């Protein structure tokens, strides 16, 4: 449906990952390889952290591949943590407020997948939001609603629990409305300190998700001419991606089904992910 | 906040009213005269009826004054009934789904004004919608929500009642939340057969609204060189507008405060408008 | 590079060919089959003839597949002749003025292909334009310049000659600048009465081009459930397309290399196309 | 016609001048005070210098006042030199390539004003460009052509001469074509080291232009609560603006007619500006 990437490490110009890799995110917008759709041209967004209190956001409705502003922004912006997303819409409008990532305070959130039966479930999911979070709903996607629900269920205090209860709410409500396998998702969540990611689906066949192996570990495996870029990443650099950014399989590790990932200071920890009662 | 016009009469090229009048709607987008804001550049929309089952819609986020597509559409489209709106946003995103008019089946709806305290009231208003109408909410404006609430309260069966109960719901909920005078509106509603319009505000000082006097009645009052256009309108032509389209005051009649207007086959009937319990 | 279609026949709602066929132009914007690029998402345009003196134009920068306005326009507009184009850019900006078709008076023009070495040749080609035609250049594509050159060389008086001299100018200038095979094109040109089309390239391997066989001839060949649509086309309906609109090969005839096509009142005539000295 | 500002000094978040001043550039987009047009809503652009070889650019077609991306970019970007422009079009298309500033290598250029009779002069001016500069023409404004002409006449070697010869070419060509007073302009030009600005018109009544007085000089004149911002500017900060950014006239000095300004390291030097033979 969509493709995304998250980066954490030494401050890096955004274009190194978004444009310059062998199979970059911008290239994926035109020609994704292991996606259910090869074209992800229904808008895009990038959020980044810097010296400011809140992360910056640039979101557009046009395809990433033909946006000159995006290229300039990515060349001129260096960040130790950023989250970028290219969209293939599943029925909702092409507008900036439906482009990912979504922002709430320090938090950024993006999603690949969908809620099956969302037309049936939308109101029931939305009414579970507090008035403040309901007001914060600026678009109409299932993805934004998933983020707001996770916030509603405590994401800011405990990311795992917030996401697990959100998933639980979607599945509970879906099944109550005759949708047996309502949830299909990979999620990327950042707070400026850590990347959290989830690969999960009710049916147990989730969209693809990978993360880079520890750079220090893979350094010797890769061709010398590419090491410079790795060095630039810093020793603690990790990327989490919908699909690998190049043709070097030894650089990428597939995230297993039903997994919750935490990336912090170059370390990647995994935990099984299971929905919880909302 | 915004400006709009509705037309009913003989099939007319849209550009005659949207571009060619002395003080046209497109000119108002750049320089409205009796609006609270002179610039209405936050998107626009036009809906028109023809041989098709449902009205056509063209909505954009750019200012009406610089949209070449709008000009071509208006030159090439003839319609016996159309509704056009230029937007000055009051806090919600500039996106097509927030441009007026809004469409539901055969119905079109546009609004000038706002719900005061909408940030407090949004969730409470939205949860009153049926799941089907909630799903139909594609944008995030107070205006669209007013339309969906009116549909929820029976607008399709009885326009007056649907709108009066919507207004009642907004005022009741507003006052319960400490907003004494929550509603400010002029509304334009069409179903392909009739134009309905309302001028109302909780505070009793509503945005401006006018309608053309019966063309056959005013024919002799106006300069000969403009009569050709009037003839083209047909004998039953009526326009309802936020502000007059020219400097001929004898052509325009101000709609009084708290009034519900029905335009049908060239006739304009008035009725007092008062909110009703939802 | 791009895909296009032209229609001439009984007045038809534009959406029948642009949206509703098995392999419609909108589907080709996301997934073209026999194009050098599968995605044609860098804007689009449609021009149509009606009761007005000049054809109408709707051009946008977003992909055709996600433009709600285009869908409404195509449902609500009926025309006996229209020309639609989806763009895959070859280096020039994504802006409405670079979307095809281009308009000059009653004439519309669209192009699939490119001028090789255009960066070298642009100024030399442009200075051949008369001041009036130079001023009419509102975008920066090789395609628009080809149209203006053809106008410069007399297209309005004799379409074949205008296009042949334009092609001659491009090849002459290209070769003088070391570009041996500068021209690659299929062209669609309309004046409201006839469709003219060309398939030509300096290298002799041109982009694909097809036209429908005479409808009366193919009527019995196709499934009964699709005949209604054919009937709607009228007996004189012809479509010229970059690639077939369905999987019925018997409906489509490939246009040979180096061919100039004229479609008039349902008849298709062919003539060899060869560049002429400018 | 348009409004612009240039800043040179200590690295400053762009939003301090573009959004946060009493009468900021974004406010001027909706409500300019001493412009020939109060609304400057036909697109905008900002260029900024940083650690990269070339300046960054963000240009859009929507009004500056309603672009959420611009606000984020300005909050998150700090620069010691930037140039921002809001556009009121004078007949050419609303597209990113027609938004200012224009970029060529390290150089940025913006313009307020117009070439009278541009429709007559466009081709003659354009053919004076070298093929390389002609190719670099990505839009269709008189402004971009003025920049390319100045480059053609040596702006990179000697800014004054390049601009004076450009002005000479426009006036010479204008008068040869019956346009007595063809040029109306204020110009902002930057190379990352200096701001150059010109106020000039053939008729001797040019668009307004101001620059801030030396900050160290005005420090004691202004209210204590605003000094913090001035301190942030650094001792060498200078802004050049189409109209003052606040209601403190003692902060701003009007640039006289026919003046060429150079801003370098906080110092402002003036020189009379007179067109030269091209």
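The chains carry the letters A, B, C and D, assigned in the order they are written, with residues numbered from 1 in each.
Going forward, a contact is a pair of C-beta atoms (placed from the backbone, for glycine too) under 8 Å apart; a residue touches a chain by one contact, two chains touch by 3 or more.
This structure is a prediction, so every number in the text was calculated from the model and none was measured.
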Proportion of interface numbers common to chain B and chain D (over half same, under half different) = same
Inquiry  = Can you work out the whole-Å distance between the CA centroids of chain B and chain C?
reply    = 39
Inquiry  = Please output the residue numbers of chain A that touch at least 2 other chains, ranges allowed.
reply    = 68, 93, 96
Query = With chains as vertices joined when they touch, what's the shape: line, ring, star, complete or other?
reply = complete
Interfacial residue positions of chain D with respect to chain B in the complex = 30-31, 38-39, 41-42, 61-63, 65-66, 68, 89, 93-94
Key: chain D partner contacts - residues on chain A that touch it in the complex   = 48, 50, 52, 56-60, 68-69, 72-73, 75-77, 96
Key: Residues of chain A defined as touching chain B within the complex   = 92-93, 95-97, 119-120, 122-124, 126-127, 129, 131, 134-135, 137-140
